[in-house]
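One structure, as structure tokens, below. Some questions next.
Each chain carries a letter (A, B, C and D) given by its place in the written order, and its residues are counted from 1.
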């Protein structure tokens, strides 16, 4: 990884070992580290949750504060180790997870300097995002890549679907705003749009609801629409997952003639150059040719 | 596009250029125009939204009014340019988007003539529909066509599903109307039908809800029904999207050697018998063989 | 249809013509009859709906009453014609649609004999079920059959899914009943089960909702469960629709050798007896055999 | 099943017969036993339900108590018979269903010893879980196995999806907690998380709902997100069910003639080259040919 480092050989070995534990997951201690990290993340986020409950804060507030400092120290040491064991720490520090790592330990330290930065403490909740790095390290790489690939390929269709959904919301929301009296809660178009989203997505809080027969008729149409068009993203994504799975089913063998990949598993000849794919047996065309030559 | 136009050559070039910018999207300025248009549409619709909020209207009402006039002028000039640069403007003016274009600039002009046409102003919100034309111009043609095709093919099944849904709503709604007392909100069958739609689509406002045990039992059945039959449109549409994708991927050509169908579109040789698939050109292997024979 | 009927030839012709108009849909007048029938059904059901609205009933009650008698007469004549033009009217009268036809005209006639049979009038709403017969007559036969077939094949899986859903509802509902105080609305287990159904199906009225932290935690698990397991019936049904579609894609040709049906469209040899399927060309094996014989 | 049992031959026959009735389902009496058991389970659970309704308990409490004792006796006898007729009863007693069987009869007996163990009686509701054993015995084995297999294979993707859902809930819930005033019901982060789950899963009770414009805007994004990402588990599971079905339908054998795979399980001849697929028997065509040659 590094050549000409200013570290002594022993220190270099220690750095490599730290790197393997923290950044990789294929050693025993690397796996233990991952599980400890997941536990500490979940625990520290839970403390933030519980600390926000007034009567728990009144009773255990000091304990929560101590626990938070312990977690902050753990995460700070971890962050320092991550920087120390890398040869190009800047690259890590500017990466998505590097920024998350830094941002989620800052609030506690800043609260020492700037008093009353209470709301900033909620930033620590973004620690949950760190879970994804650990999951990525573990065995979920393939699963995640397939989902991301399927999402990526259906991106445009989903975008088109969302444009249609937003148009329906805009048109129906404005219509209801005209029809319903302000007493029903439709005091402005943004409010009516909020209601339209609540209705079309079938959430249905009921804090705002149409009260006139015409308004109820129009919102009925909207509900059935929202209920039915859920089929669109689902259908699109299903199709993409199936396609991604089929790709997995494709043979991983490349053509010995031209190197083309992505043949069906049941293909006998390369679809690009016509070379016989099954290297262990002979191409039946050659046999026929031999017969011809014999004549 | 036009032969024998009354315009001078320079004006004709200008018209063609305007046409390319406004109606097409494959030039650089055409793309810039599309993005500007999307921004102006979203901005102008947002102004209509914000203007409807009482306290914003009180504070910034005049600014909104000025902004609206600016947008009206922009859209009016755009409409005039669209008519000017076409050879058969009538065709455009009678098309769906042509009517939308006109209708969404009318309210502001009409409000000069007919005072108090306040509610008519909401018509300007239909400008969001114009977004689809821009999307169609851009790269979403293929995606949109596939979705529309899949929707089109599942049209009848969806219609049959909706008839079934409406029958369930009618029968269950009437049943609940008989069972529940008017105090629960079921004062008439249309009201009960509205409740049935709110329930079956899993929206569940809670403004009307059954209060008798029998009514709650029947609505429980309805909820489980509504929850389960969502599978029907989803399944039908998924199947159609998958079919549309497969059709897109597979070549419709059969192998001239063995008749095998279902080759990938990028295949050059039959995956079953190795025959060259592209009948219009010669198999490159034959050329190589010829070269070999010449030596 | 009938031989040795007691009708005169002219009357028999009239009966056949009536039969074609009422029961079939492939003549012009048959199609007109279908559309008129759909309109009359929807209109008559709408009248029942509107008649239940108190202020409309107060104002237009008499007109609704007259309209209802007109519809009753139309449906009674139609029922009589259906019986008259059939050779085996009993079969029709005992069929599902025959009973629906009779039951939905009875309330009006019975209201003459038994006064105050007001609630019985709601039975007329079941006329909506007659729509399915008309749809079946029209072009929706194939679509309906495929949906019914897919539903039929996924029947057992859906039943298993529903048993699982009901078990989740029972266990979680009882748990919440123990945890939540009666003040939150969980006054009995049936009430708690009703709440569990409202929650799991994501309807969420909000008329009963947990108020304790533990209750809210448990219902959170339930919501995520209900949200996720919707994938089960959808997945099962999607797969069945796709299978049903593939069956449609199967060749309709039977094997000329053994009569076996259901070959893939790209099959060349019968999968049961090995006969060459493409009757227009010669079996390539025969050619090879000829070559062998020539030697 | 057992050799060297301490039972006399007659008793041994009785035990075997009892075993067949209780544990198996392929005899007539076994089937009758299953149906009786399902009925008794549903009845006994219903009694627990009804007994919890205050006014029913006041009126029929004693009858419910008697019925419960009858059911307890039936289930106790059944449990004793299950132990008696097995050779290795311990294995059954430690199995999942063995524990359920014991646990669900204990409350009644314990209530004799420990008075006031009222809440414990709800444990009897877990009898519903016994239904799955009966279903497994009956014809639902294959269906259940396929569903479980599909769930199993999509396990990781669903887990990844749930982690993403929980992260969205955590981040959005905390955000809303910061934005919304406590008066709207967002008094602590756990409360805000509860609201986030209610919203993202589209349940939407409405007991807590955002009241500020910014809060309503953020929750609108959340609703559309929750509405759209439902496509993920559905798509993943659909794809797995389709794969499971295809695997069930297709033979895993390749054609011995041409190596073609993916034949239907009922195919006898390769659909591509017409070779006889069943290698263990002889091609019937060969026999016919022999007959022809003999003549």
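Definition applied: contacts are C-beta pairs under 8 Å (C-beta built on N, C-alpha and C of every residue); 3 or more make two chains touch, one makes a residue touch a chain.
By chain, UniProt protein names: A, B, C, D = Ion transporter.
Note that the coordinates shown come from a computational prediction; the quantities given were computed from them, not determined experimentally.
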Over half of the interface residue numbers used by both chain B and chain C, so same, or under half, so different?
different
Compare the contact pairs of C-D with each of A-D, B-D or A-C and report the one sharing over half of them by residue number.
A-D
Maximum centroid distance from chain A, chain identifier (CA atoms):
C
For chain A and chain B, let me know how many angstrom lie between their CA-based centres, rounded off.
28
Just give me the whole-number Å value for how far the CA centre of chain B lies from that of chain D.
40
Residues of chain A whose C-beta touches two or more other chains
161, 190, 193, 202-206, 226, 230, 234, 236, 238-239, 242, 266, 268
Contact residues on chain B for chain C in the complex?
156-157, 159-161, 163, 166-167, 170-171, 174, 177-178, 187-190, 193, 199, 202-206, 209, 213, 216-217, 220, 223-224, 226-228, 230-232, 234-236, 238-239, 242-243, 259-262
Chain B contact footprint on chain C (complex, rising order):
45, 48-50, 52-54, 119, 122, 125-126, 128-129, 131-132, 135, 139-140, 143-144, 146-147, 150-151, 158, 161-162, 165, 190-191, 193-194, 197-198, 200-207, 226, 230, 233-234, 236-242, 245, 265-266, 268, 278
What does chain D use to touch chain B in their complex?
202-206, 234, 238, 260, 272
